[in-house]
Amino acid sequence: MKSAEAKARRNKILTQIVLIIMAFIMLVPFAWMILTALKTNQESISVNPFYIFPANGWHWENFATVWKSYNFIILYKNTLLMIFFRVVCACLTATMAGYAFGRLKFPGKKILFTMVLIQMMVPAQIFIIPQYLMVSKMGMLNTTFGLVWPGIVTAFGTYLLKTGYEGLPMDLEEAANIDGCSVPGRFLHIMMPLTKSSMVSLGIFTAVFAFKDLMWPMIVCTNASTTTLSAGLAKMQGQYGSEYPTMMAAATLAVLPMVIIYVIFQKQFVEGIATSGGKL
Amino acid sequence: MKGLRERLGPWLETETEKMRGMTARQRFSYILTYYWLWILGIISVVSISGYMIYRAAFAVKDYWFYGMYVNTMENGGNGSPLWRDFVMYAGYDTSVKKVEMNASAWFDPSVRGGTNNSYYQAFVALVESGDLDVVVMGREGLQGIGSSGRLLDLKDPKCAAIAEKYADRIVTCIPYDTEYSEDPVPVGIDISDSLLVTKYHLYEDDCVLGISAYTQRPESAEVFLDFLFSEPQEAK
Amino acid sequence: MLKNMSPKEKTEAKWGLLFVAPTMIGLIVLNFYPIFNTIYQSFCKTGDFGKGNTFVGLANYSKVLAAPETWQSLWNTIKYALIEVPFGIVIALILAVLLNKKVAGRSVYRTIFFLPMVCAPAAVAMVWKWLYNTQFGLLNNVFHTKVAWISDPNIAWISIGVIGVWSIIGYNMVLFIGGLQEIPGDYYEAASIDGANGFRQFFSITVPLLSPTTFFIVQTRIIGALTVFDLMFMVMDKTNVALKKVQSIVYLFYQYAFTNGNKGYGATLVVVLLVFIMIVTFILQQVEKRVVYHN
């Protein structure tokens, strides 16, 4: 029998091996993206695989070119504003609805929840024209409000939080109920704080989806001063057509803020464990 | 509702009772601690509704003209020389209605991939919502769009004036929907020698103009065409 | 029903409806009005060249249901889901479990696995197109093969499925980690003391307690995989020989509604897909009652 220590060490090494292999597979496309950003246009077009690494020096100036040709500050600002409001709205509406679907009894619950699910079952393209018309008629084109509009409610978030609330122990709530705590009271003070990890997940997903969303900002924002990162960069892809290095540099710059936001929020995840009382 | 009013009275009484013995400062911090959520909620609701009403009432929402130039590298958007000259020529007052020009669209109906679908979907959304009036593209591209039935059939009485005036420049396409017509349908007007090419250099030589099938303002298309073939004004 | 409830239940019902009101109103205004519009459109032939909708009854449906390409693309979509859902979930689960413990470099790994999620779909498509390129692609040159990854009708769907799995692992992993954190650590401690090893703990503790989250992910990923479109659109050219065996229903919808301007036919495809997904969801809900562990 192996000693407990040797076994633990063997497990740790195995884990690391698995993780490293998976990480490598995940990273290959990104490595290619960044390396292409550092090549000259000539090198990037020649699909000869031996040109994986830039041959004549690393052309960091591609990044500078991209940075200068677009007012990235405005793009970041617009994108962050949109993401912020979408996350706030989505979390608010989804947590209330998720609690109701997960823990309260009311008439029509099944039908309403089916409606929530149905929203996810249709392709997003059918929503574009009606939503565009609504925003146009409200006079909200080229505004942050218009950008946030489709993201005010989220069916996915509602379902996610419903699952989260259903996973919470019933005793806490029953105790509060017996004590005479009103519904909003026990929601606000007891149940909602316990779903922190679900809300963080929802926040991350909303932020990522809002960030990647290209269709909607493209339709709603025609002024360069109100457009978002994805739409602004897509424009560049149209303009520079086949200049891969600049496009890849732009794509890398676009991914950067999201990674930073994720790293920040991800720490919340870890801290959440410590504060929620002895969970793993 | 009645229950609410019944509870409001006693609530107000107990709160004023609690605050009797406090200074103004203590009262303020008391309210802030216990009712911050209500305060935040009310402020949000009021400010958002106010903003929405303001925009709905005062923002410029209608268009004089909405044109889209596809696959061009030049600046043809709002504020560009093309835009300014057109507004001046047509005499439109932009504080009453908007004149919108969109030169950020790159797609080719025969090719797929990349952001192609997004620009194309944006274009389709604009056309089918009735906002877009005019689209300018290369010949083949426009014929492709025309085949999908999104451009106005120039035989339609709505644009009879245009069809007549520019009868020698008509470009046709064959619709996908054979029930509508098996013969070529006139959908485009060739403008390869107009100001768009000669003065503003948005295109090299191949460009055709099509009118959206859902447009509410075919007359603005006519004004635009007249502008394109007018005598170039001296740069001011 | 309202009459039989005690005052306490009535209050709860009132609050329940109040809490779901913002979401439901938002969904109805933003999403249900377009959905009903689409259903109505499926019964019409949308006017070309500026004419309005003309009601044609079930003509679109008979055309759609009779066309072999509809069924082929439905089968393609199912095939894609068969790759993306199980592999995406199992791999993500393993990674989430590994990354939930105190592993060296945990934050770094979590960020790396999260990266595909944030990458613009267009960039992802371009990169994988290059990887799969028959002549110059990385895969063919590293393994010294000449496989036509995305133009061979027999394996193209697998290649696309692989891209799907690659993109979705980070997403599933984040959800799994969230679910794992809800499991109290004491259970694992007690099991260790009782002598249960890693695998035993995983199957007796983790799997049951994680089942609500797992079910949620399975359900949403099935719906998501069945509505896939962007992936195929961007990686495969219109001229690709293997397209017929890979295109999904939503891809078909896009072709008819957007490219060809035949919105009625496209709307019909959407309705057909919707009905199919609802049937699948219904079956899943029945399974849930038996398989998922509830508190």
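Observations
Residue numbering begins at 1 within each chain, and the chains themselves are lettered A, B and C in the order written.
Quick note on the criterion: a contact is a pair of C-beta atoms (placed from the backbone, for glycine too) under 8 Å apart; a residue touches a chain by one contact, two chains touch by 3 or more.
Here the structure is a predicted model, which means the values were calculated and not measured.
When each chain is reduced to the average of its Cα atoms, B sits farthest from chain C. Of all chain pairs, the one joined by the greatest number of contacting C-beta pairs is A-C.
Once the centre of each chain is set as its mean CA position, chain B and chain C turn out to be 32 Å apart.
Put simply, the C-alpha centre of chain A and that of chain B have 28 angstrom between them. If you average the Cα atoms of chain A and of chain C, the two centres end up 16 Å apart.
Within chain B, the positions touching two or more other chains are listed as 114-115, 121, 124. Touching of two or more other chains is recorded for residues 122, 254, 258 of chain C.
Contact with two or more other chains is made by residues 125, 129, 214, 234, 237 of chain A. Residues of chain C touching chain A in their complex: 1-2, 9, 11-17, 19-20, 22-24, 26-35, 37-38, 91, 94-95, 98-101, 103-105, 107, 109-124, 127-128, 130-131, 133, 135-138, 141-142, 166, 169-171, 174-175, 177-186, 188, 198, 212-213, 215-216, 219-220, 223-224, 226-227, 229, 250, 253-254, 257-258, 267, 270, 273-274, 277-278, 281, 294-295.
Residues 109-115, 117, 120-121, 124, 147-153, 156, 158, 175-177, 179-180, 185, 187, 213-214 of chain B touch chain C in their complex. Residues 11-12, 15-16, 18-19, 22-23, 25-30, 32-33, 47-49, 52, 92-94, 96-97, 99-101, 104-109, 112, 115-123, 125-127, 129-131, 134, 149-150, 152-156, 158-160, 163, 166-170, 182-184, 187, 197-198, 200-201, 204-205, 208, 211-212, 214, 230, 233-234, 237, 247-248, 251, 254-255, 258-259, 262-263, 266-267, 269-270, 272-273, 276, 278-280 of chain A are the ones touching chain C in the complex.
Residues 45, 47-50, 122, 125-126, 230, 233-238, 254, 258-262 of chain C are the ones touching chain B in the complex.
Residues 37, 51-52, 55-61, 73, 77-78, 100, 102, 104-106, 114-115, 118-119, 121-122, 124-126, 128-129, 131 of chain B touch chain A in their complex.
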